[in-house]
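Each of the next two complexes has chain A plus one other chain: chain B in the first, chain C in the second.
Right, the complex of A and B next:
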């Protein structure tokens, strides 16, 4: 029998204000459900631990807006909306690409970016691109709004900076990466549907053959999606010739990578495989950047 | 938790159903409304057997709580064509041998109808992507892809299905 259909409550207040009021009045009692692509899987399997849900599928969270310097993506926007948005395709093509990797079309139609982040799976597809693009989040509650860099959102395995009464209102993307080099790759059992063994996205600027700025995001190599800060530091200023990459840079980068990641064995892959492939992706990224900067 | 009433439009007909709010749309369609054309495969959004359209968008009905489907317009396989007049996609599946055991077929047809609505002249690559959430363990997909290509041609030519 389906876990608990008769025991579970699901409210649909219909407006953002009403949702936030409910979360504020009874903090921790109500679990937000957006597209249901995670919660309903647990429900179907009889593994849900929560019993009270509130639908946050409200129109106020489904807007993508573009002003001078930023694109603002409502937390309730589906991955279909994201991958089809002309401004995102133009300014943040790796995010559109990651959205296209996320499940099949039906799941892209239902799954939301806010749900993807709040669910906080280390293997989620959208975080690497958000790290690479320097995304910020606007968290909203009945108490007001606060804005944080996305790097500060994941606190530990399935632990986030969201307070009990908060939702991800908006994902903000700064339009300053149009001229950056970029690299994105998902390694999975197959392209469609499969959850990643590793997912990576990076942006960089190269000046006179040397790395001037670099941002790397990676999934499935730690308890949370990760910005590879130590690896970035190891790569700053390094020369991007094939010889330099082969002789020095890649070893320093692999060492830094190992220092800040902690992949595990699970049903999708092994720690050893992930460590090796993560390093290989770094090398492929560096060669891609070296080739593009020539 | 008690039952609640939800109204939704199913295959063009207004329906009122009584169900717990977390009940899966799939179960409501099959058990409350008797629309057993929609199949359950994996029950976790991986296989696409339970595909239906909500307001024209393809979804896995096993992952939609009925409370979130209230007020929407649903199309199931029963609403795609009629016994006397098949949809061009259904006709093409028949002609090309796009079905074997049949469990994936209703979902596959819904995904194909959705694809051709969004993209009337898909390339082979676009067909593969449009159906990549729908798994088939019998056909090897080639005849399904051929059927979608044939349906696209039929629809474009304006030939009644």
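Right, the complex of A and C next:
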């Protein structure tokens, strides 16, 4: 450990209300820590700049509930909880799948969905599925609650819509994708315990061979996890069942994708590879959907 | 040969129970009364002069023990072949992460801050960071020409062979990258100093007497005032051959200055950035072959990147040079090899020791030569593989009964090679998943090269304790590979007693004789043989003394041993190395018996290259080898499986990202090794041709499995894709760059 525990302070208020009060009374002073799978890595490497932490591992944030048309996942739910939840497996299988791809078993036991989103890594595993499933977030503070579409959460590299006194209370998933076509893929540095070089999830409705609705999320191709709005626009209404037309659609979609992504060279991969493979995944998705629609 | 009771049986590991129960104590589990903790201030530049060292305020410096090169009582080097590797920087820095200054304090949590608060001012000098830059020689960083060592191996008349008419000439260049050992336990040591006893070092290490030699040099203490004890060691792979002498010397210097026991244990980031790796290489082959596919001549130029100091590079280069010819008969061969200096932490020993680099080039090249003469890889190899009675590239006559052609056929059959090859050729054009199958045939010399074993002059003992237990006395160490188990098996077999009553004496230089370093696949063959002979001596002593009959039970043997000890005060038998007869080696011309024996192998890899992501999956792996007598089938199989996994990592995953000599990805998140989810079933087969001078016929096995996977896999990828990839590690990014050279989207548009 390259950090010194004596230099750090950790509060464990024990209840959601007490945590929110603390964050409200001293905004910006306390860094929330849930599973710690990100913070403790930085701590071990001596790269953690924060010194004051408040544990948000409280029971109120750890519930998954099904209510009418929605499944609500508490921000403190672990990926193990998510991957094992029968309702999520049934209605949002790509989210369960992404949860199973995240880190190792220990990471899945400790790491939370709220932490995964608030940490805001462009390479995070759960965001693409949340985009594809039209997720919404309920942000909570001592001041009250507000609900936003997940698309409005990421504002820039490691910048989110969370105010200093806010936490991710709930991730809300509408149960309206059971009949959608779906595509999900993670390209990691290896098959397990890997950070994504690129990851993608999509849902679509194809009627009479034409795209009626499509939602695509992608990671590691921009400073934030990205919903591919331009690519979706380019695909809306297009025909997938004619082979010659499909080639044109793919070409147009690749072009739209290139217009809204800006991958970089980093320690895990190269911009050139990411650009190429993002396009290949998009093509694989369209061919999969076309095959299913025929 | 199958009549033994203990040898050849899958007996349990001697230390296995303690490891499984968590009772085994590694270096960081140990504590000494009054012990304090050490840390290392390292260079931040690749090359330059140290102008000054400043200690920032805010740290209680008076509480710290501080050691610089000025505090070294003896010589400022790690005692190796050339003694050019400084223990601590004295004025000049030659690579990033070079140790400059040592700190020790009772509170280990204060050390990272203290290390960060030491500011070293430098005058930077130009530095060298690749074989090519070093070869160009614009900046000279070592000796007169940056060449740490060079060899010339020559057999026959190479130039005349290339001048013949009607031959085909095939050329190729092959490169391999650095590789990190990634043993589970990082480097660590504890040293204690006492005016009367001298220095005692406990360490996670392979070679107690190497550390002993270096500590004598650094401390200036005599032989009997330096004692080195190996503690349970969590993996090594060659990475704990030389570096423990460094960290051990550092701990000793701090202990001498502070007067207290000092522990230094690296964390993963420091271990990966500062300690040794496998030598990167570049090999150029020029091959003359007849139109009917008979090899005529090889002209090979092999270069290694040795890093900033010569350390073990000359011996790694030597093994690479000798293995360059592979398992083939060459009427004419020339190998010119050089190890170049670069401003990188010195590259060191790593399982295979130069052979994986050389054999990657040779076995990749042989597939290309086969193609050039219009033969299949297997038919081309069949025509050229070494036969008993033929000579290797050093002119060594193969006396052992080998059957490389038959072993190749067996391995190919096990892999269902021919049927799969035909099927993949048929199915590949349509799919986005391209399948391929490829193989490599290779060899690995057991034991030290040439006259090395004679210089080592190893000594081992077998003794009995007053309680009637039998002990094996060697400096050969256990670090996961099975030394304890096989040596006890050999002793138990020879003595005619139960395996359970035989144990290893503590690996302590104050107790055990010098049986040489635990390296070079020499423990089973060389040390094992000496254990066999020492055990035989012990048994004969008891029989000759009349205390033991010709037939006896274990308890009777133990009673006889106790009686002997009661009468004579002890019972011990020693055995010293003797070279096998008719062995000739010339260090100058590189002619003669390079190794007492070779292990042989044929590895077959089946892969899928997925062209959506350009990723490679190894789907099936057949590893067939002839390693002499297999002493313990479970351990031997484990050695092969582990070596193959490490070889798959070497070929497809493990890439050290360098930034001017500094490893940037010094964390397991970004230095990628394969997990169980990335590995195929590894199917292990043995052929056994007992070697008469090895223990119960054993030859070396530890390094062999590291040599074959990379060329077999790259040959399979060439089959799958039709593209020649000649560099490892081969990552999806590299495959993408080649396969997607034309923009796919644009091409598709053209077809609409």
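The rule is short, and it goes like this: the second predicted complex is superposed on the first by the 289 of 294 C-alpha atoms of A that agree within 3 Å, B and C clash if a C-alpha of one lies under 4 Å from a C-alpha of the other, contacts with A are read in each partner's own complex, and residues count from 1 in each chain.
Assume a contact is a pair of C-beta atoms (placed from the backbone, for glycine too) under 8 Å apart; a residue touches a chain by one contact, two chains touch by 3 or more.
Note that the coordinates shown come from a computational prediction; the quantities given were computed from them, not determined experimentally.
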### Query
Is A:45 contacted by the first partner chain B, the second partner chain C, both or neither?
both
### Message
Under the stated touch criterion, which partner chain does A:269 make contact with: chain B (first), chain C (second), both, or neither?
### Response
second
### Message
According to the stated criteria, A:155 is in contact with first (chain B), second (chain C), both, or neither; which is it?
### Response
neither
### Message
Contacts for A:33 in the overlay, against chain B (first) and chain C (second): which applies, first, second, both or neither?
### Response
first
### Message
One more residue to check, A:110. First (chain B), second (chain C), both or neither?
### Response
first
### Task
Once the structures are superposed on A, label A:86 by its partner contacts, choosing first (chain B), second (chain C), both or neither.
neither
#### Entry: Contacts of A:53 with chain B and chain C, given as first, second, both or neither
first
### Message
Quick one: is A:10 in contact with chain B, with chain C, with both, or with neither? Answer first, second, both or neither.
### Response
first
### Task
Determine where on chain A the residues touched by chain B overlap those touched by chain C, and list them.
2, 4-6, 41, 44-45, 191-193
## Note on the structure
Listed in rising order, the residues of chain A that touch chain C in the complex are 1-6, 41, 44-46, 187, 189-195, 197, 244, 247-248, 250-251, 254-255, 267-270, 272-273, 276-277, 279-281, 283-284
### Query
Any idea which chain A residues touch chain B in the complex?
2, 4-12, 33, 35-37, 40-41, 43-45, 53, 55, 57, 80, 100, 103-107, 109-110, 191-193
### Task
Provide the residue numbers of chain B that touch chain A in the complex, in ascending order.
1, 20-24, 27, 43-46, 48, 51, 57-60, 62-65, 67-68, 70, 111, 114-115, 129-130, 132-134
### Query
Which chain C residues qualify as touching chain A in the complex?
109-110, 112-113, 267, 269, 432, 611-615, 653, 657, 664-665, 667, 669-670, 672, 674-678, 732-733, 736-737, 740, 744-745, 748-749, 751-752
